[in-house]
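Below are two complexes that have chain A in common, paired first with chain B and then with chain C.
What follows is the complex of A and B.
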């Protein structure tokens, strides 16, 4: 769409420059520092006095040979993120389909209720979930006890890895689905109503209409919400760190984010912490690149 | 790759009918799909429950709040709210408001021309530039904290609200550019050419021709930036102490100092949610319209 009448070829880059500068200085520079740090033996002494010894790939070797990476942090990060992304997108889409069917008045009401889940800060939201599942006083622990799933008298859910991450999943999906719901709803509004109507006359049921009309037309929307959810859910920190044991006191529930933070900030092994963070970033880059490539191939872009 | 290639895809056929599609009647529940409706309501209510529970508990006395199963008819008490406001939440709340509003305005002012450059006057390899923007979001903030802390220490910016404003601006920039780009791609090029013929400068074109058309997109991107800044905990916690501390930092210290007393935590949480709810309500109309214009791209 670029027309020669619209200006010189240099102008787009001129418009991009301020943004690229801000991002370059404030996002890339720390990134470069982190990568440098990951090749250094950087502890408290170096923090105070400055200067640090380069140790080549020692930090990476330490991380990659650490049993905790393969047995604890990586599964906790990857499986958790995968489940969260799938559930967030599924729940968000369901709610969007519901909102789409409502009359405008009801839609405003339900949208605001959905937004409420998003508005609650992650910090207090996490405390509320922790309370709902508290070992003694938790309302939902009581419900689980009634169902016979939990032995309320002896069990503390937060000490068990599976339960800990199940609760974290609820928390993260609860906080993340409103974004998906609102975005998908917006996409649904753009589908001309003639299409599903014609399909209905042809005898397509609700699932077939969703599968063959809604999904293909909304592929770009699903791409946006899936990619952003993937980036967020791999990097979940606050919600894990603030749960009982999430601050490192329970080694079984570490994920890559909290492990990196604890290694750097509590144990003052800044180089090692940086190496963990770089691995997480590489993992995300790889996943997103593969995803975008498949997507753009399908879109023939 | 120009946007022309893009407009050949099915996505934009749908978008072109978008403005008309919105005026059609949307609410017409088909008889089939009852199962889906029931499921959706169930899921919706299930996810609304924790928020509702939080609001209810916030109006209870601490002794009633702890009762299990919860007593629906316990007397209303403002004890939680009193404790919260006595703990001095106003300076952090004001700091949060300043940081969120100013950084959001800055993000939009900077991201808007950038997104314009990427969509209306496509830069060659614009998908690469977009991916670059996105990739800067992949480093966990946790990891960037030490370099940022050292930088703030060296420049004497620790515990300064402007540091947070600058950081939130850069933190939200990639997402804002990404979202705005998809909205701006919808602006018909004829409109710009008409402005050009009339002798409008670039800035005038952006301000008076492009901005009004993509107002919904700007509203939705701004809302998302506002929510992220309002909720940010990690940077604020490490980089501020007494002067510039924000609402989420205050919340964590409030909870630690009060112990996990439920009514107080819920009251505090509800108060801190209100500005986001207000912003959401204000943007709701434009958000749905706006996203529907851009997201399909």
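What follows is the complex of A and C.
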């Protein structure tokens, strides 16, 4: 306070320095490294002995001209993410609306059971779903068989792209909706009760109240949960990799995450794997940017 | 400082001499290899999980002996096979590798050629072990004269079957491919719930049928390898394998995503009649399900019209990582594990064959019904996968499992899948 001019210019940077250093080391450097890698011909030999060569955009050209990107990895990633985000946000919102109406005691009980789904680690959760859909002894395979949806004698659901991703969707939505529910519930609680009451007096039904009061008021909350879900569901890896065939033996179910990992780690083509990872990141950034822009434009109107 | 280390070296030389005298080695100069006084130091070792059903007592004993000999302590860490390849790669990237690691024989050329493993040829020569190790296992770790792994143990796959179920069905174990079908169908008839012969997607349960029909996984011409998966012989073998699952319905749809361990689990649960399984597995199968004690039989994998279909003789090397700080200590450990008492014990406890000629001969002469057929297969019906640094990439790409999964899942015909797989393999080989 007593030494104004000089100190005040430096002080913010001084205060920010530790944070910036941590972010720089933990976040920025690995990202820079991945981008650098994606322009190199980097294999196991280079990993051990160093001396990787820069190959300009060769890796990107290889990825972008690979049939597997356009026919398998990209559609699997994008469609899966789209379905998962829509379902996660929808289910999460419905659960939040339910929680909002419950009495405090019931609310605690339901919140706790919802939290349980969230608390289960992805690995454990995936194995539970795999077990439930096991081709020989899975409980849910049996149910589907009884319903005549699956021929238990000849089908292994995990080998079929559609079923594989349906199971993965269940897994991811089940794991992801609690976060949405809790966040939206927090938003719902901030809406002053006068608004829906006034609307009710004016004769608005439940849907109209949701559409014209809840949604506009919770727009920022929906923006956050949608963006976060999009990011999570686009880069989903564990849940796919751990399913039978997901580690690369079933080529039809590769997504960008597993494809990148398998290319880099199992085949030691680190440059190529990095290129896939960079493309995935760019795609995510683009989607997030477009989404944010439309959102804020609407708000301005 | 200098004089102490020299004194230590002298001590080391002396103890190494005594050691090699105990081991009955002759003609080696024990000066540079062998024990070092390394008290206070720790040697980190990665061992694959699951080879020995109960490895703790074994490694306790090894640690004690190692500490007595060198003063150094052992830090044994267990790594599951399924994640080991990635773990090696990650540790090389991070510089966090162990001093010594068990490396699958098909991976050794890849990691060795990349410079991650130490060339052990001089030490093996010095120790007089060049002719002591089983040739094929030594060769599988050798790239251009450099030996990147000391042979530790080897195993081979044959058919493990349920004696009680075959008896119930009134059939003898198969000796030809036709008999494999008849036995399977008889098993199915006597118990419709049973999976007579699961066909998983794993490489090592697939190759016997390729080799059995006269095909090759890959052939070498000069420096270049090219895939043989799409040759008429290979396709004949694969077509037969597919017919076991398809036409004859001896497998289960679930098996199309099974690996060898999944298949073994199903067998251990009593759900399968015959499986292709390794010489090391009967013990762990009985361990998992004591009810199967006395109900297991082993027969070499039948050839198309009799004889044997070759199966993959795989195993492990012990390799020293290039990043180790203590080469001598590492080699002492490797030599201790791969020869003599501990190699023999490891073999007895795991059902693997020790990789020294002396010990293998002893086993061939023993007449254990769960060992002898495997030994026969090892001697007369075993084959190796291409010994090239690039093979690790083929395994990493899961070329063969992907081929089998698409065949078994009905995604592609045998010809289509084999051609796709051969193309992929050739792309990796650069041919």
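FYI, the second predicted complex is superposed on the first by the 281 of 301 C-alpha atoms of A that agree within 3 Å, B and C clash if a C-alpha of one lies under 4 Å from a C-alpha of the other, contacts with A are read in each partner's own complex, and residues count from 1 in each chain.
As a working rule, a contact is a pair of C-beta atoms (placed from the backbone, for glycine too) under 8 Å apart; a residue touches a chain by one contact, two chains touch by 3 or more.
These figures come from a predicted structure and were not determined experimentally.
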Which superposed partner A:124 touches (first chain B, second chain C, both, neither): first
Greater residue coverage of chain A in the superposed arrangement, chain B or chain C: B
Touched partner set for A:291, first chain B, second chain C, both or neither: neither
Touching partner for A:245 - first (chain B), second (chain C), both, neither: second
First (chain B), second (chain C), both or neither touched by A:216: first
Touching both chain C and chain B, counted on chain A across the two superposed complexes: 47, 265
Chain B-touching residues of chain A, taken from the complex the two chains share: 1-3, 5-7, 11-16, 18-20, 22-23, 25-31, 33-34, 37, 47, 91, 94-95, 97-98, 100-104, 107-108, 110-125, 127-132, 137-139, 142, 174, 177, 179, 182-183, 185-193, 196, 200, 205-206, 216-221, 224, 227-228, 231, 235, 237-238, 242, 256-258, 260-261, 264-265, 270, 273-274, 276-278, 280-281, 284-285, 288-289, 292, 296, 299-301
Touching residues on chain A, where the partner in the complex is chain C: 43-45, 47-49, 134-136, 153-156, 158-160, 244-245, 247-252, 262, 265-268
Touching residues (chain side chain B, partner chain A) in the complex: 1-7, 9-11, 14-15, 17-18, 20-22, 24-30, 32-33, 35-37, 39-41, 43-44, 47-48, 50-51, 53-54, 66, 68-70, 110-111, 113-114, 116-118, 120-123, 127, 129, 131, 133-148, 150-151, 166-167, 169-171, 173-175, 177-178, 182, 189, 192-193, 196, 202, 224, 227, 230-231, 233-234, 247-248, 251-252, 255, 260, 262, 265-266, 268-269, 272-274, 276-277, 280-281, 284, 287-293, 295-297
Of all residues in chain C, those that touch chain A in their complex: 85-86, 89-90, 92-93, 110-111, 113-116, 201, 252-254, 256-258, 266, 271, 322, 392-393, 396-398, 401-402, 405-406, 408-409, 411, 428
